[in-house]
C-alpha cells in the first residue's frame, strides 16, 4: 500500500492473513486524513526485516507504530524495544485459544518497554487508529475537530438506531 | 499530591489502596520532569466526581490521563468516553481472580473508544508513565534525549548485573 | 419500542446487535404483562445519553433496569452508579473471548455499587426478566400467581418431554 | 444470630467457614435497619435442612434470600429453584481455583431459574446487602433516603481521602 | 425409554437437548447388556421431580446413577446429596464458556458428597457407561469378561487403523 | 503403610509430597473399616513400578484404585488403561497453575478409558474415599449403614454449628 | 506410511483423527529428506502397543519421537518416561476446551521427564518437524544448510507478499 | 558464572530475578558434566545484547540454548528466530497471572520458528537441562549412560521413599 504523502503512522502486521483485521485501522486513519502505510514484518519469520524497520522508521518520518499479531504475538514488543516511538498493539484471534495467547503475549510487557494494547481483533484495530489519532490530535487542532465530530457522530448514530430498534 | 508547575499528566485511581501500584507511574514521571498529579476518582463510587474530572481535565492543562483500577475496572473506559485525550489504563490485581477481571474489563473496549492497556500491576504502572513519555517526546527533543538515556541505562544495568549473576 | 402503558422495567443495551439476545427479556416481561421498554444506550459510545437515561429513569416511572452488554461490559455498572434502582446485568458473548470478558466486567463490581449479574446470553436475558418479576411479585399477588404458574409449567413441560425422550 | 424483629432478609451460607465473608452482608443490613438472620444450610451436606428452609422461608416472613457458597456453589440455585423469592448469590473463593468455580457454578443458571450473582468474596457480600436494600427501597421511602445518604457518603469519603492520597 | 428388565443404571439429564450426548452412555450400557433407563429431571426447573427420583431410585432397583448437565450443572451434585448410590457426572458443553462452567460446577463438590466426574461431552458420556460397567464388573464375572474383550477390541482396532493411516 | 488385613482399596500417589492430601482418603477409609494401602508410584518417574502395580493389583485383592497426582497428572489415566478396576482420580494443586493443569489432565480422558475425577485437593481426596465406600456399600449392608450414619452426622453437625454461627 | 530408508524420526499419534494435523510434521520432514514414519499408538486405548513402541524405538533406529495427542494428552509423557530419546509433543485441539486441556497435560511434566512442547495444532506439528531438524542439523551440515535456506525462504516469502499486501 | 571448558549449553534469562529458577538447569547440566554458562539478556530491555548473543552463540561453540523468562516471555522466541540452534524455553511464574502469560507467550510460536517449551518454573528448568542432555546423548554414549543411571536413580528413589511414606 502506497500513499501520496509520507506516512506518519505505520501499520505493521506479522502475516498477510492479519490484513482483514488491520485494514480497519488503515481505513480509519485514511478517513481522518492521516498518512499511513501497511507493512508486513514478522518478529519470528523475518527478524532482520523487522529490525531494519525499527532502525529506519523514525528517519522515514514514522511517528507512531500500530502492530498487529496473533498467537505468541511478539511483534509489538520487539518494535517497542528497538524504537522510542509509541507502539500500539492489536492482538489477533488466530489460534485455538481464541486470542487469549495473543492478548497476554502483548499486554504483559515487562517494566521498561511499553506496548499500548487494544482489544482483540477488528474492534482493537479500529481503536488503535483512534488512539493514534488522539495522540496526533494533541498538537493538531484540525484533527482534534475531526475526532470530536467522529465522537458526536457515534452518539448520533445510536440515537438514530433507537428509532428502529427491534423493528 | 501537588506539583509546583501545572500538571500535564493526570494519574487517576479508583481507590487509595491502588496508590502503592500507581506510585510507580508518578515516580517515573517526576524522574523525567513531567508535571503530574494524583487523583482519586471512582467510576462507580463517585461518578459525579469522575464526570467533573473529565469535563475539566483538558481545560486544566491535562494532556494525557493514566487510569488504574482493579476488579470490574471501568475507570479508564469511562474517562476515555468523556474526553478526547489519550487514556492509558493500568489493570490492578485486587480480587481473587488475580487481575484477569481488571485486564479484560479494561482492554476489551468496543470499537470507537480506545484505552491503551498496560500490563497488570507495578510493571504496568511504570510502563504507563513510559508510554506517556514516548507520546510527549514526539514533540519534545529534550524529553526524547532523556528517554534514550533511560533505555541505554536499562541495557547497561543488565550488563552490570551479568557480572554478579548467581553470586 | 413503545408500550401503551408507562414502562416500569427498562431493558437497556449497548448496541443494536445485542437486540436478538435482549429480546428474550422483553418477550418474557410482556408475557407476564409487565410494561417495559427497549433502550439503546452505550456507556462508551454515548455517555451523555446514558447519563441522561440515569437522571430521568426513576422520574419516568422506571422501577428496575435490565442492562445487556458485551466485551468490556460497563453499561450495567455505569447505570448502577448513577441511580438507586436495582440493576440486573446480562453479559453477552460478542468477542473472541466468548463472553468471559463481559461476565467479569459485569459481575466483579467493587463494594458499594451492586449489579445483579445473570448467565451469559439468552439464558441470562430470560432470567433477568424472571428476576425482575420475582422482585415485582414481592408486592403484587397477581404477578406472583403468574410466576408460580410459570414455574409449575416448566416442571410439567419436563414431565411431558420425558414421554418422547430419545424418540 | 437472632434479631429482635422478624427477619425479612435471610443470609444463608453453606459452611461456617463462609461466615467471615457473609458477615459483611449482615453488618450492612443491620446498619440500614433491615431485620436479617444468618442461616447455615448446605445444598450438599444438609439437603433436607435446605429444602425445609425453602419451604418455610416465605411463611416466616423472609422476602429476600442472600446465599453465599464456594467451590461447586449450588446453594443459591437450589434455593432459587424451590422458592419464588429473589435470591442473591455471593460466590466465595475457597478452593485452589480462586473462586472461578464458585462464580461459574452460581452465575451460569439455566433459563427459568434466576440467581442474581454478585462479585467474589467480601465485595460481593457487601453488594448483596446493598442490592437487597435497593429492592426493599422500591417500596420504602425511608430506606431509600438512607441508601441515597450512603451513596453520597461514599463519594464524600473519596473526596476526603484525596486530601491525604500518597501521604 | 423403557427396557424389558428392571433398570439398574439410571441415565438422568437436565434437558432433552442433552440427549444426543447422553445417548452415548445408553448405547454402550445396552451393548454390554446392562439394563438402563433415560430420565429427564432438572435440578432447577423440576426440583420436586428430581427429589422424587432420589427418594425412589434405590427402591426401584437403581444401583448407579449417571447424570449429565450443562452450564451451572448441579444435577449430579443434587442427586449425590440425596442418595447413597454412586453418582457419575457428565459435564456438557452447552454455553458460550464451552463447558468449563459445567465441568467446574460438577467436579468441585465439597468434601462429604462425591460426584465421579467424566470428560466433557460424548467422550464423557461413553466413559460414564464404562465406569458404571467397571463397578458392576467387580461382582459380575460375565460382565468383566465383556469389558476385557471391549478393551482388547479397542487396541486391535488401533492396530487395524495403522494399516491405512494417512491413506 | 501396612494394614493387618489384605487391602482392597489402593491409594496411589505420584510423589510423597502428595501424602498430606491423600492422607484424607486413607483416614476416611480406615474410619469406615475399609482395608487400604498407600502406594508411591509415578507414571513418569517410575513407569515400570507403575506398570507392575497395574499387573498385580487385582491379584493382590485390590478392588478399587484411588490415584492422586499434580501438574500433568497422568497417573490415574495410566492405571485405568492397564486394569479393569474402577479408578478414582484426585487432582492436586502443586504448580503455579493452581491445579487447573492436574484437573484437565485427569478429567479429560478419551472415550474408552474412564477416570472418575474428584475435586482438587483435600476435598477431593476425602470424596474419593467416600466414592469408593459408595461402590463397596452396593454389596455390603453394614458399610451402607455406616455411610448413612456418616451422612446423617454431616447434617447434624451443621445443625449444631448453626447454634454458634458468628459467635 | 512406509519409507524406503530406515526412519529416524517417528511421528506418533493417539488417534487417526489426529492425522490431518500431524501430516504437517511428516510433510516437512520429507521435504528436508529426513526418513520418518507415522505410528498410531494411544497411551490409553493401546498401552501395550505404546509400551512396545518405546521398548523397540531406539533399536529400530529411531532417534527422535514426535508425539501428537488431544484432550488428556498423555502420549508424549508416557513415551518420554520409557525411552531416553528426545520427545517433542504437539497438543491437539480436539475437545470443547479448545486444546487448553491437551496443552497443559503435555507441557506441565514433572521434573525428571521432559517433553518439548510445541504450539497447538498445525503450527505446532510443523514446528515439531523443524525442531527435530534443528537437533539433527547439529551433526549434519547438509541438513543445516537446508534449514538455513528454509529460514531465508520464509523471510523472502514475506518480502514478496509485501508487494501484494491488501491487494 | 564461568566454566573451565568452553560452554556448549547457554542458559539465558531475561532478569536476574529468574536466576533461582534457572539455577536448577545449571546445576543439573553441571552434575552431568555438560559445560554451560549463565547469560543475562532481555528481549525487551537489552535487544542489542540479545541480538549479539544470537549472532555469536554458534561461533562461540554453543550448541543448545535454554531460555527462561516470565510475563510476555519473548526471549526464547527471539533467540529461536535469529539462530538455527535448538532453543528450549522455560516459562516463569512472575506476574499475577501465575505464569499463564509466560507459558502462552512461549509455546504458541507461529509455524516456522520452534521453541521447545517446558513446564512452568523449577520443574521446567530441570527438564530443560534433561532435554538438552537427551539431545547431546544422541551422539555421546557416555552421557547416555549417565542419563540412564539418572533415570534408574529416580525410580529407585521412589522405591526408597515408599518405605517411609506417611511416617
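Labels A, B, C, D, E, F, G and H are assigned to the chains in the order they are written; within every chain, residues are numbered from 1.
Please note the rule applied: a residue touches a chain if its C-beta (ideal position, glycine included) is under 8 Å from a C-beta of that chain, and two chains touch if they have at least 3 such contacts.
Remember, it's a predicted structure, so these values are computed and weren't measured experimentally.
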(message) Moving step by step between touching chains, how few steps can get you from chain B to chain H?
(response) 1
(request) Using the contact definition stated above, find the chains touching both chain C and chain D. (result) B, E
(message) Quick check on the contact network: minimum steps from chain A to chain H?
(response) 1
(request) Report the chain pair from C-D, A-H or C-E that duplicates the B-H interface, where duplication means over half of the contact pairs agree by residue number. (result) C-E
(message) With centres defined as the mean C-alpha position, give me the chain A-chain C separation in Å.
(response) 35
(request) Just give me the whole-number Å value for how far the CA centre of chain B lies from that of chain E. (result) 52
(message) So the centre of each chain is just the mean of its C-alpha atoms; given that, what is the distance between chain C and chain F in Å?
(response) 44
(request) Provide the list of chain D residues touching at least two other chains, using ranges where the numbers run on. (result) 42, 45, 71-72, 95, 97-98, 100, 107-110, 112-113, 119-120, 123, 154
(message) Can you work out from the touch definition every pair of chains that touches here?
(response) A-B, A-C, A-G, A-H, B-C, B-D, B-H, C-D, C-E, D-E, D-F, E-F, E-G, F-G, F-H, G-H
(message) Can you tell me which positions in chain C touch chain B when the two form their complex?
(response) 14-15, 42-45, 47, 51, 70-72, 74, 77-78, 80-82, 95, 97, 100-101, 104-110, 112-113
(request) Write out the stretch or stretches of chain F touching chain E in their complex. (result) 24, 63-64, 84-86, 88, 103, 107-120, 122-123, 126-128, 130-131, 134-135, 137-139, 144, 147-148, 151, 154
(request) Please name which positions on chain H make contact with chain F in the complex. (result) 93, 98-100, 119-121, 123, 154-155, 158-159, 161-162, 165-166
(request) Show which residues of chain E lie in contact with chain C when the two form their complex. (result) 1, 16, 19, 23, 26, 38-42, 45-46, 48-49, 71-72, 95-98
